[in-house]
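Across the two complexes that follow, chain A remains constant while its partner is chain B and subsequently chain C.
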Partner chain A sequence: MTNPMNNLLNAPEAILVLKMADDKLFLGHMQSDWTGLGPILEEDIASSSMAQDDLSHALVLYEYLGNRFGLDPDVIAYEREPGQYLCCDLVTVPDEFNWATSLVRRWLFTHYAAPVLDQLALFEDKELVERARKLRAEEALHVEYLDDWMRRLGSGSDEARDRIQKAIDLLSTHAGMLFELPGRDLEPDDSFCCSRSELFKEWDTNTSSVLEQAGLMMQVELPDLKTIGGRNGVHADHFAAAHAEMGTVRSADPGAAW
Partner chain B sequence: MVSGDQHIDAVRAVLESIPDPELPCSIVELGLVEEVRVEEDGGVHIVLLPTFSGCPALDMIGKDVQQKVSSLDCVSECKVEWVFDPAWTTDRISEAGRASLARHGVTVPPPGEPFTGPSTTTLRTSAIPCPWCGSTNTRLESPFGPTRCRTIQYCDDCQNTFEDMKRLAPGGGDD
Partner chain C sequence: MSKIREQGFTFADELPPATDSVVGHYVVYTQKKEGAPHRYAGWLNAPDIDMATKYACEHYGQDESCVNIWLHDRTQMHETPVSDTPLPGEDTPDDPGAPTWAVFTQKRRGDIHVEQGHVQVADQEAALSAAISRFGMDMTQVRVVPRDSMASTEVDRVIWRTHDQGYRLAKGYSKSVRAKWDAFRKTEDIEEYRKDDIENHF
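Showing the complex of A and B:
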């Protein structure tokens, strides 16, 4: 008997969608910690709206995978073993309620998400293309908004610049692993991978241009292909805490709805 | 027995009476209804477009449509489907919808203005006529407003806030 979840996890195209969905699920979950606690009202609303976008983007992608593999999207989102989640380390690093860390995390990620969604919009599957286009148009708002904040804080007071630079120094060590290939058996020149080095180059060009305008520094290199991490289910310690908290309601009341 | 056309008219009339839960206009005025199809067995298939993928009102709208259309005598069954293609844009908001939104302090970009770049969401950042006093001495306060589809704007003349609907690029992803 075939197991739909195993089919999903062994389909190279599907796991490229799954990694983006997992990133957005965890990022949205982590960011929603700030709801009600943002530094000013407008930022609270913006932060919560972005978390809402990320969670809904995860759902739109899980729905696509669910339709294709005959699975409930919630089952894909919540009922996998930790080693079957393909999110990168960056999205589950605790921000310790440091606003600069929360902002830089979202900024590093949105510059990765936008070109990846562009790539998903080039696939042959019409349903995936339509979904990726919708999400890409919404992601554009995150890019514009977060770029603006990076420039404002970088050219702000000494304290603002110092805080944002420290957050960059902390998170940039995780940024390279955004580009880890999911699926250890995938070849780097495989057409599914849409060229890892080109994706990195686009990310690097776009982030560098904002950093230059902001007067901030960042050094990120593309890790060796053999470096294995979250995209292959090998997660850092902080993943377990994020995963446990995210699943609290689901495990307390499976199938809960409201 | 009613004909297919009368059938569709009855369904449309019901849809026109269904308000958007977060905006002062109907789902038809807002341009959410893409297609109404009557099947041979009397079942009705309704295709809707989400404004934003994360709009929390989508479930409520879908259930509302399903319940109200199903309650028509001539309808044996009603199916609601949300699709992403064509993408919803503010260009789909009707004149009546625009007028109603304006009365409640919500402005809408004029239809047909070209998009400025690939994959972009075109935010209007200044000079939107204030719906309260008409001044164009206005500015973007925050791109994230009370719902996913609206920004917060501020009028420096009458010193009131108002909201502007976001116009998403319909072909996001195209370069």
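Showing the complex of A and C:
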């Protein structure tokens, strides 16, 4: 008897969608911690709105996978083992309520998400293409918004520049693993590797352009293919903490309708 | 708040001393559909009008479906006093070389201000007078704002998200709650409870 979850986790195209959905689920969850605590009221509202975008983008992608594999989107989101989540380390790095860290975490990710959504919009599956196009248009808002803040803080006071540079230094060590390939146990598939270096190049060009305008520095190298991390279910401790917390309500009464 | 973040974290010595930052107060109008008038949505604080535009998109632009946003610094608007009697105004012909003023009116006291059109005249007094004459009939207040002081979202910019946003809407939520409440009220239990309740308390 086939298991729909195993089918999903062993379908090369599906896990390319799943890694984006998992990234957005955890990033949205982490950023939601700031609701009510933003540095100023409007920034609080805006960042909460964009965190909600990330969570609902995850839902849009889980729904697609659910339709394709006969699974409830909530089951895909909440009822996998930790090793079956494919998000990168960056999205669950704790920001310790440092606004600069939370901002840079989103900024590094959104420049990755935009071209990946472009790629998903080129797939043959019409339903996926339609969903990816909608999300891509909204991701552009995140890119524009976060780029603006990076420029403002980089060209602001000494303290602002120092804080944002420290956040870049902290998070850039995780950024290369955005590009880790998922599904090492699967049969080799062209869709996994043909665009990894091009994707990194695009990300590097776009982030470098903003950093130059902001007067900030960042060094990120593409890790070699042997380096294994979150995209293959090998997660850091901070993922385990975020995963446990995110599933608290769901696991309190498994199978209940909410 | 996340339990993860409560572990060993403290705000002590974390925040810098307050600075005398300059914050502007911006008035926001949203347009629900293409061709519809812009209607007052609210106001917000921001460091400048560019940031205010972004904030307006994430704040008032997410209250309900919206295709365009206008905003201006609140010091740029000029208004008549609120009046229940006809406002005095004298029309001045538009001058193609003069500044353009957006006109907003309030129909009853407490109503929101709605875009009515524009006048093209030399100064704020002439603008208010012309706006009253052309758009102020039966209105309690008329407001004019120089168009060149106003910011607008770009044409075709995505404001209201295009994927299903029904869950964000209060009306969607209340519909669902009403359905559950109606179902609940139809059960005999609630009628029995109500009888007991009346018997015991009244």
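One rule holds in what follows: the second predicted complex is superposed on the first by the 245 of 258 C-alpha atoms of A that agree within 3 Å, B and C clash if a C-alpha of one lies under 4 Å from a C-alpha of the other, contacts with A are read in each partner's own complex, and residues count from 1 in each chain.
By our rule, contacts are C-beta pairs under 8 Å (C-beta built on N, C-alpha and C of every residue); 3 or more make two chains touch, one makes a residue touch a chain.
Given the structure is predicted, the values throughout are model-derived calculations rather than measurements.
Once both complexes are superposed on chain A, the partners chain B and chain C clash. In the superposition on chain A, no contact is made by A:A240 with either chain B or chain C. In the overlay built on the shared chain, the residue A:E159 is in contact with chain C alone; chain B does not reach it. Contacts of A:V249 after superposition on the shared chain: neither chain B nor chain C is touched. By the touch criterion defined above, A:E42 lies against chain B and chain C together after alignment on the C-alpha atoms of chain A. Contact with neither chain B nor chain C is seen for A:M217 once the two complexes are overlaid on the shared chain. Touch criterion met: A:E130 reaches chain B, while chain C stays clear of it. When the shared chain is aligned, chain B comes close enough to touch A:L55, but chain C does not. Looking at the shared chain after the overlay, A:D118 reaches chain B, while chain C stays out of its contact range.
In the superposition on chain A, chain A positions 42, 45-46, 49-50, 52-53, 56-57, 60, 131, 134-135, 137-138, 140-141, 144-145 are in contact with chain B in one complex as well as with chain C in the other. Touching chain A in their complex are the following residues of chain C: 1-5, 9, 11, 14, 16, 44-46, 50-51, 54-55, 57-59, 62, 158, 161-165, 167-168. Looking at the complex, you find that chain B touches chain A at residues 50, 52-56, 83-85, 87, 119-121, 123, 141-146, 148, 152, 166, 168-175. By the touch criterion stated above, chain A contacts chain B in their complex at residues 42, 45-46, 49-50, 52-53, 55-57, 59-60, 114, 117-118, 121-122, 126, 129-138, 140-141, 144-145. Of all residues in chain A, those touching chain C in their complex are 30, 33, 37, 40-43, 45-46, 49-50, 52-53, 56-57, 60, 94, 96-98, 131, 134-135, 137-138, 140-141, 144-145, 148, 152, 159, 238, 241-242, 245.
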